[in-house]
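Before I ask anything, let me first share the structure, which is written out below as structure tokens.
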Amino acid sequence: MSVPLLDVRNLRKVYPGPRRGELVAVDDVSFAVQPRTCLAIVGESGSGKSTCARIIAGLERATAGTVAVDGDAWHTGRPGTRERRRRARIVQMVFQDPYQSLDRRQTVGGCLEESLRLHFDLTGDERSARVAALLDLVGLTADHARARPRLLSGGQRQRVAIARALASEPRLLILDEAVAALDVSIQAQILNLLADAREQTGVALLFISHDLGVVRQIADEVAVMHHGAIVEHGPAATVLDAPRDPYTRRLLDSVPRPGWRPTLRPA
Amino acid sequence: VTTGCGGGGTSGSVTPADLVVSTPPAAGEIDKVSWALPMGEPATVDPVKAGDYSPNTVVSNLCEPLMRLTPDFSVEPGLAESVTRPDPTTLVFTIRPGVKFWNGNPLTAADVVHSLRRNLDPGNRPAHADVFKHVADIVQSGPMQVTVTFTRPDEQFLDSMAGSVSAVSEKSFVERAGDGYGTPSVGVMCTGPFRFGRWVPGERVVVTRNDEYWGTKAKAKEFDFVFFTDDSTLTTALVAGQIDGTYEAPIGSLDTLRGSPGGKLYFGPSTQSLSIGPATTTGPAADPRVREALDLAIDKTSLIGNVLHGAGAPLKTFTPPLSWAGDPAKPVFDAGYAALPDTSKPDLARAQALIREAAPAAEPLTLAIPSGDQTGLQTATIVQAAAKQIGLTLDIRQMQPTEFSELFYDPAKRQTVDLVIAQGYIEVPGVYYYSPGFVLPGGVFNWTGWRDAEVERLMTEGQQAADPQVAAEKFVAAQKVFAPARLQISLAQLHERLYMSNTITGAPASFAYIGSAWAAAVGKA
Amino acid sequence: MPETPLLAAEAVPAAGVPRRRGFGRLRSVAAVGPIGTVAAAVCLLLVAAAVLAPWIAPHDPNAVDASNVFAPPSAAHPLGTDDTGRDLLSRLIHGSRLSLLGPLLVTVIAATLGTILGVLSAWRRGWLDAVLSRVFDVLFAFPGVVLAILAAAIFGAGFLAPVIALSLAFLPVTARVMRSAALRERNLPYIEALHLQGVSGLAICVRHLVPNLMPLLLVQATVGFGYAMLDLAAISFLGLGPQPPDPSWGVMVANGKSAILGGHPEQSLYAAIVIVVAVVAVNLVGERLAVHYEIGESS
Amino acid sequence: MGAQIGRFVARRLGALVVTLLAASLIIYGALHLSPGDPAALLAGGRNPSPETLAAIRAEYHLDDPFWARYWHWLSGVFQWDLGKSMSFGDQVSNLISARLTNTLFLVGYAALLIIFFGLATGIAGALAGKAVNTVITTTTSLLMAVPTFVAAIVLIWLFATKLNWLPVFGSGTGFGDRIEHLTLPALALTASYIAYVSRVIRSALSSELHGEHVETARSRGVRMPSIVRRHVLRNAAAPVLTVSGLTVAGLIAGTVVVEQAFGVSGIGSLLVLAAQKQDFVVVQDIALLMVAAFVVVNTVVDLVSAVLDRRLLRTGV
Amino acid sequence: MTAPLLRVSDLRVSIRRSTTDVRPIIRGVSFDIRAGEAVGLVGESGSGKSMTARSIIRLLPGNAETSGEITFDGDSVTGLTPAGLRRMRSHSIAMIFQDPRAHINPVRTVGDFLCEGLVLTRGVRRRDALRRARQLLTDVWIPDADRRLRQHPYELSGGLLQRVMIAAALAIEPRLILADEPTTALDVTTQEEVMAILDQQRRQRDLALLFITHDLDLAAAVCDRTAVMYAGRIVETAATGDLHARATHPYTRALLSARPTTGERRARLATVPGRPSAAWEVPGGCAFAPRCPLATERCRQDDPASRTVGDSVVACHHAQVGAPV
């Protein structure tokens, strides 16, 4: 088997909890993401999904464990500017809330250009062309480049966020509940868009969600988290069609579907 | 005679004829008088420490001195029944018998000796230690007799006794009180027409009538001295009738007070003066020619009208005529004063000539004034304009209280300024009280180090002359020399400004209140 | 917890993204409403008076004229004269300089330092934040006027000491507001996204974070200006501010006080009116700005 | 829960002590930056001899090292020994005690007025119709811009020349007399604060009034008066209290001005007087006292707020 | 057939933003709920679901203008006096909100919240009310009721808080419950619990329910009938059952197919172009026309009226019996 793009081992994150206690948000988590694939992490609220993602992205310091990219271990402290710029070419992230993930004062074009200017040595024309290509990739037009986020709908903003993340041509895109806040019809558009982007750019996805339907649609592999630990991990079809862990079963059973009735289950 | 009141509007000018020494006598007793202390709360009512408007205004009604100041600024016996001078360096005071302190204890010579001697101990921080400069000893020489001996004759000494310097406090009380004597919680123990009642810090000192007083009893049963620090608050309180009267009515409010239907504004003679003094031993201000030029450049009449609102008059030298008003040799002094050059009108041509001659350095001169002093500031502004006319640049520097005080004893500090505006007063009669400080080498106010052998001789002889005529002639001769040197540029003498509501009357209108039991005369109008 | 479903934004279809150029901006100022416009105009007028004072004042503000004391309004003296015959209008106009410069300095110093320290505190967090927060607490414990009196006692009454003191007293207010806003802001995903792009911390702060806090700062500063003006006027009134003869409105109110009972309230009255009008105008502008930028009233 | 409250109180008290210590250091340290020599002031400007100066320096510990003097002062303050005034010739504690009653009376009187009128107009503004609201908003906008000293001058002018109902000067003795003397100062002091507090109350109330929990209560058919009492006033109490605590700072500063304007003998006028005379000892003591009053009041307010709204217990200092 | 418990006919609501700017947000909504019946109201954000529910108990913002008729148990809701309105709110209709943390007064205890309705509007003594509250907490499967009653809302998790909200709604023994997305803020597992409790209690007490949600499948699971809203109108109302098979309106069908399922992975999700339009943006004609694959000129010209097509009431020119469009 080839060297995984991302290799996370024994990751642990402890927050100071209430009353001098400790809160173990992530507890000994290990997983790997192969190039060009999509790994989904699912689990209920507070199970530690975002924390994992933020550690990998370098937004959070791990208490213990390693994150390796292409085989070389990444220091898991808060990286400096130079290191962050290097990593930006490898890992990018899209956040849940489309209304707060863009600078409200910056136009869409400006936002994309800022990213391009940081990472590539392009002439003005080249940059404009690249901006147009990125917008096209996420289904927006050149008209949108002039707009400020205030004028865009939630779905459009999420497209911009994806375009921005793709601007540095990363190899791994982390999506933290990136479609959770969207209406069903918009959510479908974004999911299709992600599939296209993956195909066109070969970017691998780390897709974080609590929506098993969405996960089924997009992920190759699924890791189920519960109370900070991974309880089940495997190919999407296997995990979702034949769950072995009771918690995964419980999750699956709670999803409304035709013929489903809510029932009280003992925890 | 009373001043013309009413009118209002523009500043009325006050002619010498408008000045009154006293106000109509009181018609009868009154229960309570509220009187303002416009300079704020006294620091103490210990007579030995009293050396400012507020403490003196109060203390002089509580603690009787050996010698009393009369409204016309002459001196009469007080607690001293009589004074004799057996030889030029000895003074013998005979104490008035039958006088009692407020607590009923009789006044003794021991009390007098003790009170006088307190002035000799720097630990008491006496306000007038320099009066005792030539005193050799103070002893009790009989049951009711006190003898003061001098190292050399000092003719000024007796006049200087008129006022709180010689006020007598009860010895045992003072000794018990120690440092606390004169503070709000302890008060004083004296023999005056009012007894110390209570002192509400920050607010008022209440004194009550001494019904056992040996002399003429006071007309008011109670006198409240209320502290003010703000002129307009005072004016408001006067106009609203919440306060019955005040000395040193605020200059800025004179028009308002003149127009107030509820009371009357009186102007009286005073020793207060407004002047500018040089601060350094070198530099342009130390040059008499520059000072004279500046003096000649200033239009005193307009200054008196604009800044003092008429409540003043031109002054030729730093010794104001009221100082000798009660002196037997008054005509000699008057003639001498009249002979001095008149500086009330500006003489720009001569001033400019003097400046050309002196050719002072081009740097601006610094004129120091105490910060927050409105009158001083307005004066400084006018002086500045006048200086500009003769090619002198003046910078006005407002100094904080500590800085300003330092000027008075730290010559090094004085080097940072050239001129200082001073508003001063002389609280006792006699020309030798104040002037030596300016004209003799080493004098406290002789900041330029000015000296003149002739003046030194005349002053020393005059101070020691037993004959008042001789003393006066010596002084006038000396004055003829030092006045033109402008050791102070005298800008104006200030009139006493007394305001009383229509319900009361009787207070003396002259500055003599500062050293006499003036409140005793105040009663129902 | 997943976010609540978002309301459909008042979005414009892509093709119709409107362009906002100069004219549009102007109209958005007018959208501040008639009262806001009047208030802004008053503010501009006062600033103009301060800047142009030497050219528009009819007289030298300090020129005394003994023959013309308490003159009633006339062509030469539109507002009459004071107790030493100085022209009241000229003094009011010249007075606007110190009276506006003081609060302006206070506001600018407090806003600049407050923003720098507040943002630094929020950005670095950790011990620096703890220390700075304590410092703000301590400074905050000094009522502005008390600090100004303290300064006046130390350095002497004058223009500068109270201004510096008030700047220090106002600093923690701005710093705290900016700190908590910056804390909120720095946790927003767009800042994290910039992090992930590899933008340096300084660049994020200077180019993104602080500009986004500008509206808040502006409103905060406007409100602060009003308070600074009142406090400085009070200091002047107490005689601890700019010393006469330099005119300032607070000094004028105080100086005119003694003439009020003599039937000449004009000096105090005019100066007081100008102070009140200026503060009302500034406050109104602040209020409208807050409404415009949708910033809550309390801060 | 009990432990939580205990920790909260301990934390607040700790912060209070640290703040006061730092403030005292600032106050004491700052005055040493002064350009003048305090001994000169003490000598009263009258040509003191070097011995006198030396005696004064010794008496006021002017030659001790800074920390020794600071400690001397601070430990004195704890025993209500505030040192001796440089210009009044009396113990500062006496000076202050004599004036404290007036100032406390004035502040208390003003606080009552502020609470009463602030609450009344604030509640009216939040609950009444648009017309009332407009009137109240306009009045408060105007009042908020009227400086205390202007209010004072207007009142003095009015009552000294037109209406002779109330004294315009002094502080009075005894309760009735004080009420009479301090009514105008209190009114001048409160005018702008009533407006301020009224606005804060109004906006706190209306934000609570539009809160979702009020909507819940309405959806259950609870009557409006009950809603206002149970959900609006109760919930707004904590923020309103906090703001009221902050107005204490304003009141403290305000007393300085009104006491000066109305000739009330209190701590504020003493402070101004001492500042003018550069009586550092008095200035230091009063500044510390005022800062302490402010910090203590705000700590108490924080504690009470936390009792009213338990969520505050969890947030940091 | 008995008269419906609640009847809403031609409800129109608009928001007056200024004297000239009046925005319609509900454009003629009609439906009814029979006693004991559960009706689902489904639609995307901003389609007007909450406003519809709020109109029923007249809990609209102050600048809302309504027309149309709402009757509850035969009485006009629109014509109620304030006292009558309070009586209806305190006795007959209860509302459950989406965000319990905001909708329960944070400074009062859970016990206070539960008893408030009984004590203040029913005159029940507080002690009796507390006893009832304890029973209710047990009904919604909250153990340790006594401790919970003394706690403040911040001490409870979201799921528990929503159960408290349900208990409070049950406390007044209403005949109709309006539940506005009671589970949107919750995890799927918690959602199932809360829904199970709500469903169970409703059936036990034979209450009518208006259930608002985004999730067609969830609505189908607990409701007898489901209404789908788009841009301020109900575009389709159908008896639940196999909704996937019965949906006739193109929008309903689009919603169903855009939603990925756990069961299988589709090559590509069917999407609807554009974004949901707000009610005030609708230019005329069918609101869905700009996004509808079937739209014709007619759709853009006139707004289709609701008509019965098979088991459903549909507002679409193209809907036909038995033929899914």
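Letters A, B, C, D and E name the chains as they come in the text, with residue numbers starting at 1 for each one.
Everything below uses one rule, namely that a contact is a pair of C-beta atoms (placed from the backbone, for glycine too) under 8 Å apart; a residue touches a chain by one contact, two chains touch by 3 or more.
Computed from a predicted structure; not experimentally measured.
A.B. asks: Component check with chain E excluded and positions unchanged: what groups of chains do you get?
C.D. replies: No chain E: one piece.
A.B. asks: Of the chain pairs D-E and B-D, which one is connected by the greater count of C-beta contacts?
C.D. replies: B-D
A.B. asks: Based on CA centres, what chain would you say lies at the far end from chain E?
C.D. replies: Centre of mass proxy via C-alpha means gives B as farthest from chain E.
A.B. asks: Round to the nearest whole Å and give the separation of the Cα centres of chain D and chain E.
C.D. replies: 53
A.B. asks: With chain centres taken as the means of their Cα atoms, state the distance from chain B to chain D in Å.
C.D. replies: 41
A.B. asks: In whole angstrom, how far does the Cα centroid of chain A sit from the Cα centroid of chain E?
C.D. replies: Centre-to-centre distance between chain A and chain E: 32 Å.
A.B. asks: Just give me the whole-number Å value for how far the CA centre of chain B lies from that of chain C.
C.D. replies: Measuring from centre to centre gives 48 Å for this pair.
A.B. asks: Two or more other chains in contact with one residue: find those residues in chain C.
C.D. replies: 1-2, 5-6, 8, 11, 156-157, 239, 254, 257, 260-261
A.B. asks: Can you list every residue of chain E that touches 2 or more other chains, as numbers and ranges?
C.D. replies: Within chain E, residues 44-45, 99, 214, 275-276 contact more than one other chain.
A.B. asks: Among the residues of chain A, pick out those that touch two or more other chains and give their numbers.
C.D. replies: In chain A, the residues touching two or more other chains are 45, 153, 156, 183, 210.
A.B. asks: Please output the residues of chain B touching chain C within their complex, sorted ascending.
C.D. replies: Per the stated touch rule, the residues are 8-11, 231-232, 235-236, 239, 250, 252-253, 255-256, 259-260, 302, 305-306, 371-372, 374, 377-378, 381-382, 398-400, 403.
A.B. asks: Provide the residue numbers of chain B that touch chain D in the complex, in ascending order.
C.D. replies: Those residues of chain B that touch chain D are 40-41, 43-44, 49, 51, 122-123, 125, 127, 130, 182-185, 200-203, 226-230, 233-234, 236-237, 239-240, 242-243, 372, 400-406, 408-410, 444.
A.B. asks: Mind listing the chain D positions that touch chain B in their complex?
C.D. replies: Residue list for chain D touching chain B: 34-38, 40-41, 43-49, 51-52, 55, 87-90, 94-95, 98-99, 156, 159-161, 164, 167-171, 173, 260-263, 265-266, 269-270, 272-273, 276-278.
A.B. asks: For chain C, which residues are in contact with chain B within the complex?
C.D. replies: Touching chain B from chain C are residues 62, 64, 66, 69-70, 83-84, 156-158, 239, 243-245, 254, 257-263.
A.B. asks: What does chain E use to touch chain A in their complex?
C.D. replies: 44-45, 141, 187-193, 195-197, 199-200, 214-215, 217-218, 220-222, 242-244, 254-255, 258-266, 268-272, 275-276
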